[in-house]
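So, here's a batch of structures to check.
First subunit A sits with subunit B, and in the next complex the same chain sits with subunit C.
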Partner chain A sequence: MSDLYLVSKNIARNKLRLVLNTFAIIIAFLLFGVLGSINNAFNAGIELSADDRLVVVNKINFTQPLPLSYVEKIRAVEGVKQATHANWFGAYVEGSKIFFAGFAVDPATYLDVYADYLTVESTQRQNWQQNRQGVLIGEKLAQTFGWKMGDRIPISSNIFSNMDGSHVWDMVVEGIFTGAESQADTNYLLFHYKYFIETQTFGSDWVGWIVLNTTDPSLNDQVANAIDEQFANSFHETETSSEKQFNKSFLEQLGSIGLIITSVVAAAFFTLLLIVGNSMALAIRERTREIAVLKTLGFSAKHVFRLVLSESLLLAALGGILGLLLAQVLVQGISQAPQIKNMLPNLVLTSDIFIQAVVYIVVLGLITGIVPAYRAMQLNIVDALSRR
Partner chain B sequence: MSESALFELRNIHKEFIKGKEKITIFDDLSLNLKKGDFIAIMGPSGSGKTTLLNMLGGVDKPSRGQILFNGSDITKLSEGQLAKWRADHVGFIFQFYNLMPMLSAERNVELPLLLKNLSRSQRKKHVNAALSLVGLQDRAGHQPKELSGGQQQRVAIARAIVTDPEILLCDEPTGDLDRNTATQIMEMLQTLNREFNKTIIMVTHDPEAAKYSRRQLHLDKGQFTDLETAA
Partner chain C sequence: MFAQITSIISMNIRSIPQRFWMSLATVVAVAVVVAVLLAFLAMANGFRTTLQGSGSDELAILLRTGSQAEINSVLMREQINVVSESPGIARDEQGPLISPELYLIVDGKKKDSQIKANLPFRGIDERGLELRPNMRIVQGRMFEPGKNEIVVGEAIQREFSGFEVGNTIQLGRAQWQVVGVFSAGGSIFDSELWADVRTVQNQFERGNTVQIVRAKLTTPGDVTAIEETIKSDQRLNLDVKTEKAFYQEQSQGVSDLIFYLGWPLAIAMALGALAGALNTMYNSVAQRSGEIATLRAIGFPGLPVFFGTLFESLVLALLGGLLGAVAAYLFFDGLTTSTLGSSFTQVVFRFDMNADVLLNGVILALVIGFIGGFFPALRAARLPVLLAFAAAA
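The block that comes next holds the complex of A and B.
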C-alpha cells in the first residue's frame, strides 16, 4: 500500500459522488478541448503567419483586383526581398458538393515566398513549374479525394468561366505539398496563373493580391508605407499589411469567436470549481474522525495535507484526462467531416491545448483541494475524536 | 526520575476554557509509570481519564508541567516531532475501533507502516505477524463492515502493535463489546503485556476489564484517589 492507494481508495469510497464529480470535470475539459481546438483552427492562419510576409490588396476591398504590373513595381521597392501574386479560384470537383480553396499563382515565385510554410519535393516542384496544366495539391486535399501523382483531374470554378464555355479546367497532379507545421492548412491547390488568366473570361493582366517578403521584419512598416504611397491616387490604390494583420482582420469579419469560446469555457470552469470544491469540502468534513485517527497514528499535519490535496488533484486528473481523450476523439471525428475539412482545415487538438489543459487540471485540483487540505492539516485530534 | 520509570508526569495542570468559564481538569497531578506496567485508569465520567491518556499519547498537552518519556520531556516537542514520536513509540486502541472503512483488515494494519522506511515485502511480513498474533490471518482481505465488533477490535490491536511500539494506550477497549468478546480482548492485551513486555495504559469503566491489569488507578476530580499507588 502506498499513499496513492490510500488516496484512490478515499476517492472511490462514495461511487455516486465520484461519478458525478468526474462527469462534471469531463464535460468541462471536453468543452475546453473541442472549443479550444476550434478557436485554434480559426486562428491557425494568424499563428502561422510569417513576420516578414506582407500582403498587398486593393484598398477598396480585398476582392477587388490589382494590375499585374504592380508586382514588378513592388519588387523594386527598397526592403522587398521577393514578391509573388495569387488569384482566388473557388474550386470544386464536378459532381461533388465539396468546395475548397484553389489559387492561381506564379509558379516561379510563389513557393519561394511561402518557403517557411509549404514543403514540396524538388522534382515535383520542377515538374509543376514546367507543366502549364500542372497542379500542386495540398496533402489533406489529396487525401480527401484520393488524388495521386499523375492523375488528370477536372477542376471547376464557382466564379469563373472557361473560354471554351465550360467551368472546368483540366489539370495534372504534378506534386503534393505538405505543411512545414502540423497546423498548416494543406486543404487547397495551386495551379498556374497563366493557364488561368489566359483561359478565363474576365479580362487579362490582373491579380487578386500580391504577397512579398521583406529583407527584415523591422522594415515592414517602412515597406508597407512605401508601397501604399507609390500607388496612392491611382485607379488601384493599395492597402499593405502584415500577413498576421491581414488574417486577423479577415477573421474578425466572422465575429469574435475567441471571446465566445473563452466565455463558454470560463463559465464551465467556474461552475466546475463550485461543484467540485463543495464536494471535496463535504467529503473531508465527513471524514474528520478518520483524519484525526491518521494523525493519532503518527501521520504528520503536512502528510495529511498532502493526502487530502492529492485527492482533489487525482480527481481533477481523472476527469480532466478522460475529458481530453473524449475531446481528442470528437475533434478527430469532426475534422473528418467534409464541410468542416473545408471550413476548418486545421482542426486538431494540439499539444498546446493539451499542455494548457494539464495546467488547468493542476489549478483545478489545487483550488478545490487547498481549503479542505488546510482544514485537515489544522484539525485538532482531541476535538475531532470526541465528535460523535 | 526513578531509573525504571518509562513515563513520569510532573505537576501536571490542565485547564480548558469553556465559554467564559475556566475548567480545571488536573491541578498538580504527578504519576510514575514503569516499563512493562499494565495500568487500568478508572473513574467516573469527566474525571479526566481520557485527557490523561491523550496527554500520555502526545495528542494533547498539559497547560503546565512536564511529561517525561525515558527522561525526555515530550511537552517540549513540536506537533511534527510529536507525530513522529507517536509513530515510533505508541500504539492506540480506541473504543470504537476507528478502522478505515474503505480499507481491508490487512491494509488497516499496514497504515502505520507507511510512516516507516520499509519495503513492500517487509511491510507484508509485519502485517502478517500482527494479524496472526491476534488470530485474524484468515480475515486479512475482509473490510471492517464484514467483521464483527470483536474482530474489528482485534484488527485495531494488530494495527497498534504492527510497528512494535513500547506503549499501548487503550481507551475503553472493551466498551463496545459483549462480555465474552471483551474477555478475549483483555486476554490478548494481557498476553501482549506479559509475553511481549508492552507497557499498557488502559482507561476503562469496566471493573472486569481492570482485573487484567497489574495496577489500578482511580481518578476523581483530577486527582488519583490512591496517591501511594500512583506515585
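The block that comes next holds the complex of A and C.
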C-alpha cells in the first residue's frame, strides 16, 4: 500500500470537509492571483522602463509645456544618444465613453528612442512617417475598436480644439505596433506632431515632454544634471529623471495601491490559515485511534509525521492550483474589458506570480500540517487506544 | 414550542466553549472579512462626501465642450464677455456674478512620504470669493490682488510640506508668500492653492485665458437659460452644468471604482469565511449528535434543534461582524488619504464610516452566519435518532 494511496484516502474521508477546505483555499489563491496581477500591472511601467531612458518635463509640473527648441539643445548635451518629444492628446472616439492615450510625436525619432519597447513592421513604419495624417495604433487599442490598416478614423480630444472649430482630427491607420514584451502597454496611438501643432489652437512650437536615451546608463545622473543646469533660471525650467523614477512617482500619486493589495491578500491568507489549520487539527484529532493503529502496525513515528504533513500539503496544492487556474481565466476575461484595458493595459498573470503562489502553497501546507503532524508523531499508542 | 426553542438555543450557545478554537476561527474570519469590506466602503463614501460637499446648486460651471475636467478646459476673454450677459446668470450693481478662474497644476511634497504630488493652483478674483460663502480664512489673511501671495486649503497644509503661513515657496519662476489658510468645510477646495487670477495669468504666461467660469444662477439648479445662449452663439463652444452636477460626475468614477472593487473582494473573502463557518457548524452538529439524538428521543421535534444550530452560527457571525466593525471603525474612520482626482490633481479625503456603511458590514456577517448555519441546522434537525446514537457511541 503506497503512501499516496493512504494520504488520498485520508484526505477524502470526510468529503464535505474536503470540499469546504478546498473551496476556502481556492478563494484565497484566486484573490492572490487576481490581485497580484493587478498590482504587477500597476507596476509594469516601472518594471519595463529602460535604464538608459530619461524623461525631461517642465519643473513646475509635467502638465506644463516646454519649448520645442529644447529638443535640439538637449540633443547637443554630452552623453545624449538621441532625443525625441511628445504631446499628450487626451484621445477618445466621439460617441464612445472610452478614453485612451494618444501622443503627438516626432515620427522621425520617436520609434528609435522606444526601439526596445515597441515593434513596428518596417514598411508600415515608413508609410506612417510619410503620411502627415498617418497614425500608428497599438495592438490592444486596435483590437478594442476593430481598426484595420488603411481605416480613416476620426479621433477627438478632450483637451484641444481643432482650428476648424471642432475637436476632431481625421487620421489614417498606417500601421499597428506591438509591445516587445507581453506586459507592454499598447493601448494608445501615435500620430504626427506637425499635424497636431499646426491645427490645434493653443500656441505653437511647444511640446509636452522630451524623452532621450543616454549613451550609457551610468551617465544618467550626469546628463540629467547637465540638462537641468542648462535651463535653470530660464522661463521654462526643466526636471530630468529616469523613466523608472518618473513612472514610479506618477504611480505613487494614485495612493498606496501596493499596500492596499498586500493588506487584502494578507487578510485573505490569515483567515485561510485559521480555517484550514483548525480543520486539519480536527481531522487528525478525529483519527487518533487510526494513527495509533498505524503505529501498532509498525509505521515509524517519522513515517506518520510524513503522512500527515503530506495530507495538508496535498490539500493546499489541490486548492491552490485550482485557485490559480481560476485566477488565470478571470484575469484573461477582465483584461478584455475596454475600461480595464485603458486603466490597466498590462494586466496578465505572469510566471512570477505563479512561482510565488507555489511557494505560498508549500508554506500553507506546512503551517497547517505541522502541529497535527507533530502531535501524531508524538502520539502514545496505549493512551490513544484507551481513549474514547 | 417557543420554550423548547429558547432552551435549545441556550444549550447550543453554552456549548460553544467546547469548540473554542474552531468557533474562534469563525469569529475572526468573519471579523476580517467585515473589516476589509468596511475599509473599502468607508473609502468610497469619504471620497464621495468630499466631492459632493463641494458642489452647490446655486452655481453653474462653464467649461469648454467635451473637456470634462477643469484642467482640460480653456476659455478666452471674448467668450466670457459674451456668456456673462446670458439670462439665467444673476447680477448685482457691479454686473454679472461670475468668476473666471485659472486652474493649473504645480508640484508639492507629501509630508509623510516625501512623495511628489500634483497640487491644483487656482487663480481667482474677489467675485470668486463672494461666490463661495462657505469658505473662510482660519489663519492669517486673504491674498491681496496684484501681489505674489497665496492662501492654502486646510487639507493642503495638513498633508503637504512647506505651506506654513509666512513661508515663501517657489511656484513656476516666481516666489509666492503663503499669507493665509482657508477652510472650505471639508470640500475639495480644501485641497487647493489659491491666488489672484491676474497675477497667476502673468506669472504663468496665460494671457487673458482662464480654465472655467463659475456663475451664480438666478434660479438655483436651472441652467437652461445659459444653455440656450450657448446654443444660439457660434463662438460659445461651452458645456454648462450646475456645480453640484459637475462634482457628482467627478466623484462617480473613483468612488465607483473603490465601491466595485470593495464588494467583489469582500464577497470572495466572505465565501472563504463561509466555508469556515460551515466547517465549524457541521463539526458542532457532529460533536453534539449524541445530545441531539437524546433530545429527539425524549420528544423534542426537529424545529427547535434546527433553530439551536442556526442561532449558534448567527451568534458567532454577529460576534465576528461586530468585532470587525469595531476594529475597522477604530482603525480607519477619519483616516486621511489622498488620490488623483479627475483633474490629475490630489484630492485629500477622509475615510468616512457612517451608520450605513457599518450596517452593510453587519448584514454581510449575518448572511455568512445564516448560510453557514442553515445547512448544518438542516442536517441536525433531520438526523435519524438511531444513527445519531450510533455515531455518538
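Just so we're on the same page, the second predicted complex is superposed on the first by the 386 of 388 C-alpha atoms of A that agree within 3 Å, B and C clash if a C-alpha of one lies under 4 Å from a C-alpha of the other, contacts with A are read in each partner's own complex, and residues count from 1 in each chain.
One rule holds in what follows: a residue touches a chain if its C-beta (ideal position, glycine included) is under 8 Å from a C-beta of that chain, and two chains touch if they have at least 3 such contacts.
Quantities reported herein were computed from a predicted structural model and do not represent experimental measurements.
S.K.: Between subunit B and subunit C, positioned on subunit A by superposition, is the outcome a clash or a fit?
M.R.: Result for subunit B and subunit C: fit.
S.K.: For A:Val382, using the defined touch cut-off, is the partner it touches subunit B, subunit C, both, or neither? Pick first, second, both or neither.
M.R.: Touch status of A:Val382: first partner only.
S.K.: If you stack the two complexes on chain A, which partner ends up touching A:Leu4: first (subunit B), second (subunit C), both, or neither?
M.R.: In the superposition, A:Leu4 contacts neither subunit B nor subunit C.
S.K.: Kindly classify A:Ser300 by the partners it touches after superposition: subunit B alone (first), subunit C alone (second), both, or neither?
M.R.: Once the two structures are laid over each other on A, A:Ser300 reaches subunit B alone.
S.K.: Tell me the contact category for A:Arg13 with respect to subunit B and subunit C: first, second, both or neither.
M.R.: The answer is first: A:Arg13 touches subunit B but not subunit C.
S.K.: Touch test for A:Leu259: subunit B only (first), subunit C only (second), both, or neither?
M.R.: Touch partners of A:Leu259: none, neither subunit B nor subunit C.
S.K.: If you tally the residues of subunit A touched by each partner, is the higher count for subunit B or for subunit C?
M.R.: C
S.K.: May I ask for the angle at the C-alpha centre of subunit A between those of subunit B and subunit C, rounded to a multiple of 10 degrees?
M.R.: Value: 100 degrees, nearest 10.
S.K.: What is the contact status of A:Phe23 with respect to subunit B (first) and subunit C (second): first, second, both, or neither?
M.R.: It touches subunit C, and subunit B stays clear.
S.K.: Using the superposition on chain A described above, determine whether A:Arg289 touches subunit B (first), subunit C (second), both, or neither.
M.R.: First partner only.
S.K.: Let me test your reading of the model: by the given contact rule, A:Ala180 touches which partner, first (subunit B), second (subunit C), both or neither?
M.R.: neither
S.K.: Upon superposition of the two complexes, what minimum C-alpha distance (Å) separates subunit B from subunit C?
M.R.: 12
S.K.: Please identify the positions on subunit A that touch both subunit B and subunit C, taking each partner from its own complex.
M.R.: On subunit A, no residue contacts both subunit B in one structure and subunit C in the other.
S.K.: Under the definition above, what is the set of subunit B residues touching subunit A in their complex?
M.R.: Those residues of subunit B that touch subunit A are 54, 57, 59-60, 79-80, 83-84, 86-88, 90, 92, 94, 98, 100-103, 107, 110-112, 114-115, 123, 159.
S.K.: Hey, which residues of subunit A end up touching subunit B in the complex?
M.R.: Per the stated touch rule, the residues are 1-3, 5-6, 9-10, 12-13, 289-290, 293-303, 381-382, 385.
S.K.: Could you pull out which subunit A residues touch subunit C in their complex?
M.R.: 16-17, 20-21, 23-24, 27-28, 30-31, 59-61, 63-64, 90, 156-159, 161, 165, 167, 202, 235, 237, 249, 252-256, 264, 267-268, 270-272, 274-275, 277-279, 281-282
S.K.: Could you pull out which subunit C residues touch subunit A in their complex?
M.R.: Result: residues 21-22, 25-26, 28-29, 32-33, 35-36, 64-68, 71-72, 74, 104-107, 113, 115-118, 171-173, 204-205, 237, 265, 268-269, 271-273, 275-276, 278-279, 282-283, 337-340, 344, 346 of subunit C touch subunit A.
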